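Got some structures for you, see below.
Next come two complexes built around chain A: one with chain B, the other with chain C.
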Partner chain A sequence: MPELNTTSALATNDLYMRHRADIDAIVARYPIRQSALMPILWLIQEEDGWISDEMMKQAAEICECTPAEVLESVSFYQMYHREPVGKYVLGICATLPCALKAADGLYAYLSEKLGITWAETTQDGLFTIQRRECLGACSEAPVMLVNQELETKLTREKIDRILEECRQGKRKPYFTGRNGYRA
Partner chain B sequence: MAATNNYEPILSAGVTGTVYSGRSESLADYRAKGGYDGLKRALEMGPDKVLDLIKEANIRGRGGAGFPAGVKWGFIPRNRERPHYVCVNADESEPGTFSNRSLLEQRPHLLIEGALIAAFATLSESVYVYIRKEYYEATRQMQRAIDDARAAGLIGKGILGSDFNCEVAIHLGAGAYICGEETALIESIEGKRGYPRNRPPFPAIQGLYMSPTVVNNIETLAIAAEVMRRGVEWFKGIGTEKSPGMTVYSISGHVNRPGNYELPLGVTMRELIYDYAGGIRDGNKFKAVFPGGSSVPMLFEDELDVVMDFDSPRKYNTFLGSTGIIVMDETVCFVWASLNLMHFYWDESCGQCTPCREGTNWMYKILKRLEAGQGVNGDVELLEDICGNITSRSICALGEFATGSLVRTIPRFRAEFQAHIDQGRCPFEKGYMRFG
Partner chain C sequence: MTMKIPDPSVLVTVTVNGRGLMLPKGKNLLQALLDVGHYVPHYCYQPALSVAGNCRLCLVEIEGRPKPEISCNMVVTDGLKIRTDSELIDDCRKGMMEFLLMNHPLDCPICDRGGECMLQRYSMEYGWGTARTVDARRRFVKPQFDPLIDIERNRCIMCTRCVRFCDEVGNDHVMGVFGHGSRNYIGTFGNGPVSNPFSGNVIDLCPVGCLTSKPFRFEARPWELRQTLTTPRHANGIVTAWTRGGRLLRVTPPARRRHGLYTIDEDTTRFISNEVRFGSLYTDNEDRLLEPLARGKDGKLVKSEWEPALDRAAEALKACKPGEACFIAGERSTNEEFYLLGRLARAVCHTPYIDWRGRFVSESAAQAAGVALSASDGDFDLLDKKAYQAMLIVAAGDLYESAPDISLRLREGARLKRTRLGLIDSRVNPWLGDLAETAWLEQPEKIAATLIALAEALEKGKDPANAPQGMEKLFKFVTAEHGLLVLGLDSAGGAIAPELVPAALRILRALGVGWHFLPVTAARNAKGGFVAGAQSDRVPTGRMIDPELRVKADEIYGSAIPADPSPAAPGLLEMAAQGKFKVLVLHRCDELVHHPRRELIEKAIAATPMVIAIDVFPSWITERAAIVFPGSMFMECDGSMTDIDGTLQRMSKGCRVPGNAQEEWRIIELLGLKLGDTRRSKRAHEIFADLARAWGRPDVTLDSITLKQPGPEAPQGTHNYFGVIKRPDFKLHSSERPELAIAANSNATSGRSDLLTLWWIQHSQGPDHLGSRSSQFDALRPRPRVELSTADAARLGLKNNDWVLLEGGSEQPSQVLVNPTLAEGVVYGAANVLGLRLADGAGLPHVNLMPADAPAAEILEQEATARR
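Up next, the complex of A and B:
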């Protein structure tokens, strides 16, 4: 397994220096450096909520590939964000099995309640609504992901309760922030 | 109910509900039930005999294609000029399919054992489990199980005191349906976009890192573990002659009891819908069903006695696919349903091949205007024409999958499609869209 040469190239790489242990462990899982790209992008997004151009360059440096190759992946995979998102990302499953159980109505209800549409974030920075394709829980339709938690058999009452819990800070935010969560 | 009514679940033994509710089988519980005895037996037999046994069992791949796992493993060179790899396909993303989720969350050790047996038989020392990012709980449970197995000497160097070494690592996706296609999955592990590769060369010769690679669905590997433990005769005693064994059918949509049902291959669609899933909701009439995820053509009322094994659905030009069964009742509009799914394929097409990229875009545009009442005469025929031109003209099958909701539906329900044009609106009330 290739050892990271931290004394030279990566000593000025903030991303690497901040997550040295995690990145070393990721790199050690693969025989080539570029395989570490997707897990490192997840590391960035868990911290910042999104992936900036600067972070893409730093990831490229660690993975020994070009920023263009990083952008290819970031733009190809739908769950990587290229702009900041809310503290709570509501990923509504919109595919047929959920749509047969009122996913469209669920979206309309949430959209009206929060005053935002697909891929938008509320002004207070709390909520982002995303359209997700089949989440693989079709017997429990309609479903949505609230950050990492899957919420099933949704009703208006359940949605109201979930939003309230988020507003009261009872749920884990989507990203941690560089120094813990920054509201 | 048919010969299936006394069947006790094997793969999903002890699994409760579709989604995790706090219970996942521990290493101790799994071993108490004979867990990892299949691996122990494999280590005693040696890789060649394990390969023969899996070939003899005729475990047809549960990921959708039905290709025998033993044959696939047999394509791997019997030397180790390059390292070999095993990739576990846990990217379950086919609309209407949720059986892998339950196994990942609630029986992770069964999957690890199967993957280790596959690695041993194909002379591999490296397993990557590719899990879709949306499966957060599945990832947590799988990582915990991997850590426990490693601590118990089941992963790592000298497994169970043998000279077999094997590492297991999770690789997370990031929301791309196409990565369930085996060569796209390989590209993704290499840190690239999930672009399917042209074949040949097949992954068995040049797969991950240009090395011999096996990619198997997790249910296939779970079955391999059970076969190693219980034997070929036991396995062949379940299911039909050409489709031995069991599978987990996921049933969703307008039925009274949606959920996962593990049954022998050979149960009929009518039994699945009416005996197991409790029939159609609200006393409504049945309209159509996707038998194997949204990518395979639908079946209709007069076809429900079809046997749900690997070969029988073919007589209706459809497939067992992922065994994700999506049931629609009489209130569903086919144009609306096709539009919903076309958005999916339009969104998920990787964009590499013109017929798929442009074809899904055309079909999406046509279905949008039909559903909005703005279709023009000839649109339905144009849809059919595109279906015929998208199939078998791209590197992978995604373009063909996009035609699943149309190819058998338009000829049988042409009037329903045409009515959207003639009336200048969708004639359906679509009460199922209302959120209560």
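Up next, the complex of A and C:
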């Protein structure tokens, strides 16, 4: 039996109470509440960087669906993270055209420099390397996403520069961090 | 949009492999082919579920179309020409099988599905037989998952049957398809349990060894097992019981013979509840009674032989003057036991005092239930072809908890045939509410008045102008030409039945001949008690004992029966408590063991010099009895049950009765023999034959009761081609639902300040219930919980999961669940879970909710681990 949602349930829903105005605005855009799920998940991710089980439950409560439905969406899309990520997420394209342009070398370089492999985060909590499907910029291969920004025609020098910029805090971090950044 | 149900009577010609077949127009092509015995392999198609079309195994070639298409997503049309045996189709199937097996672990020797696996079967019939791949196979980590269902994701073929089942039948999207691409997997959120009372069905639905039964794991191979088609005593489903060497190992929906072997019918539409599936295994409980017990001189209950125990019982009964013995038959008795007990009481012991209605809290409630049962015309099989335009369900919202199998059939009957559903209740059952077109929420005391208001309006004519104010929608609903009125008899122990039943009968009269009446109760064999003559005012034809019919009853029993009228079981217990009886016979009275009026029953037992109990498990009742006869468990007894809709169900014996226990009918006959009766049957069949003769149906024999083959249509039109399931447009908890007419009433007007009406039920998974003796039940036990309406919760400052005490009802703390579709001023809970005690059976109890402390953390912890 589905747990019944009530108006009072939303009153104890941290996510809703924190972003009431935003969420109400999102929900108002759609004919049914479930449609608001994806933007609400973004909202969570912008804040935390990832989507925890607890957040999924709260999102389900807001969208009047079951947590299983939320997990279906979250697990389907690569862009949603189910584990904490670093302040900068480096999404390397791992599809064929980029691979032909030595994207694997790009990965190897990054991996060695940061001391992490796929889906890992550096000790200092700054960088995460992720595998991505084609980013739709094959002509500029090899490419990678630095948070939401696309970086094209990558070379080692370019990567060094990007990493440096990140370290110096010149780039927009992946998430705002509701309790400050994790160090 | 309402979909039209195809008329199965219009047959059109479809050419299949060059041969003409007459198939019903508009029907699902795959189902039509299967129905006429033309087998087409399929995994994802299931007649009770929507079409997903993702296994691609049911491909057929269609003349005039360039590519093969899946037959499960096609309807029968005139002149259709298809091929299912061409080389192309063969190739397609081979390809699909290879694809499905690409990542399959092929660990059949350690797979519990081995022997009844569709993957194995199709591999042999349509597959390659060898693998061409050499790559490493995809592997998933095995999670904890459900306490009763085992998951082995590596074996999953992503047919989504399990997901669709939970969605559509269980009405709970608890399972889902997670991830994407080749790393798709099935599961639940947080790997939690599949939390609905029918979840066990995903085990049978899964065509492969992904979802298997934990209790049955590694117990046996299907071919070692013996199958018996039967029905359990403790719930309503028809099942196949699988035994080996006289030990019951598992219970599934009816199995089917396929290729000479019985396999679970994975195309079944007869789903069973977990209560039946796992609860039937109470046969494993070693606590059972195996020897007759008799109270010795020192007052202790000790083991005895049959002869002396029977002698003592017979002596006591013989010493009774007419009317000094009283028989109470439990609601789980078989028809044969009911018949024999009625006969023993009336014709042998010459007492009119026999009844089965112990479940009800008051005499008037029990009488009302009797009236309702006699008014039911029994002209329906909910899963049969017959479709009603409308189904009005009154005060039966509790069935989901108290008799899940009945409520499953109500819902499935409505869902598969798209019957319009209307509810009048104090608590909208979320499970039925999702399908309901209109729901009228009303306080329990006022439901009868609502019916009467409707009836009065109907009596003036079906013109919409006659609708009472505010009830327009409901009125329009009941003006349907033909429909079914379902009336719940046993909420709050039948406290409102005395007003409800006359009101229902009045509205039925007003509705006209097109409407049928189905009173429902969780009492397992209520209808049997009624038609087999174990009801105080009925003879074994189900007819009233009146002077004229008494002659007939005398004929049936072969002896004159007493003339005095008898009260129903609650009245009999009152009489017993006043010391009116010398002997009280309690035949399998489970319902008395967990009765909220325990005080009365205790008094009745204490005030009667000789209490004889027939039972299988020791309970506080058997402990206080003078003589206890050990009876039989599930699968140890032959007989029949009468389903709530009047269908006869066969209960078959598949195991020996162990120890010194006996089949109940034999015990009653042995007792009769000692009392000078001559009746001695070799088999239960002979008793049934007598009963059938009394019913005027001598042609029916126990062996001729077979399972009616269900044949509902797949719910076409609710499917989405790509396997995404279209949910109902409406969700109960969406506050904007316009149709949900919440009756405007408040506590202020009803004159109570803090007291809430307790609308209680008996939970089928509560303690003391027969099924809950099964060790497999540990994981299913419900938690103490009460439901409150949103308004009351706000008024009392309570929210979900707060702990409260029911002052005036029960001493056990329980957790609050706020239910927006519960009438105001009502608190809803399960009596046997809360340990409810009632001083008397008058009306509905009123309670005060007091905040309570949560039980000690370690208790919760223990519960949590037990649940794992």
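The rule is simple: the second predicted complex is superposed on the first by the 171 of 183 C-alpha atoms of A that agree within 3 Å, B and C clash if a C-alpha of one lies under 4 Å from a C-alpha of the other, contacts with A are read in each partner's own complex, and residues count from 1 in each chain.
Basically, a residue touches a chain if its C-beta (ideal position, glycine included) is under 8 Å from a C-beta of that chain, and two chains touch if they have at least 3 such contacts.
Small disclaimer: the values here were computed from a predicted structure and weren't measured.
> Identify the partner contact of A:Glu64: answer first if only chain B is touched, second if only chain C is, both if each is, neither if none is.
The answer is second: A:Glu64 touches chain C but not chain B.
> Would you sort A:Asp53 into first (chain B), second (chain C), both or neither based on which partner it touches?
Second partner only, chain C.
> Contacts for A:Leu96 in the overlay, against chain B (first) and chain C (second): which applies, first, second, both or neither?
first
> Between chain B and chain C, which makes contact with more of the residues in chain A?
B
> Considering only touches as defined above, state whether A:Glu72 meets chain B (first), chain C (second), both or neither.
In the superposition, A:Glu72 touches chain B and chain C alike.
> Name the contact category of A:Cys138: first (chain B only), second (chain C only), both, or neither.
First partner only.
> Under the contact rule defined above, give the chain A residues that sit at the interface with chain B and also at the interface with chain C.
65, 69, 72, 76-77
> Please output the residues of chain A touching chain B within their complex, sorted ascending.
29-32, 34-39, 41-42, 63, 65, 69, 72-73, 76-80, 91, 94-97, 99-102, 104-106, 108-109, 132-142, 145, 148-150, 152, 155-156
> For the complex, which residues does chain B have touching chain A?
18-19, 83, 92-98, 100-101, 132-137, 167, 169, 171-177, 188-194, 209, 250-254, 258-260, 294, 324, 326, 328, 332, 337, 340-341, 343-344, 347-348, 350, 432-436
> Write out the stretch or stretches of chain C touching chain A in their complex.
171-180, 188-190, 195-196, 400, 430-431, 731-735, 790, 793-794, 799-800, 817-821
> Taking the complex as given, what residues does chain A use to touch chain C?
Checking each residue of chain A against chain C gives 1-9, 12, 33, 53, 56-57, 64-72, 75-77.
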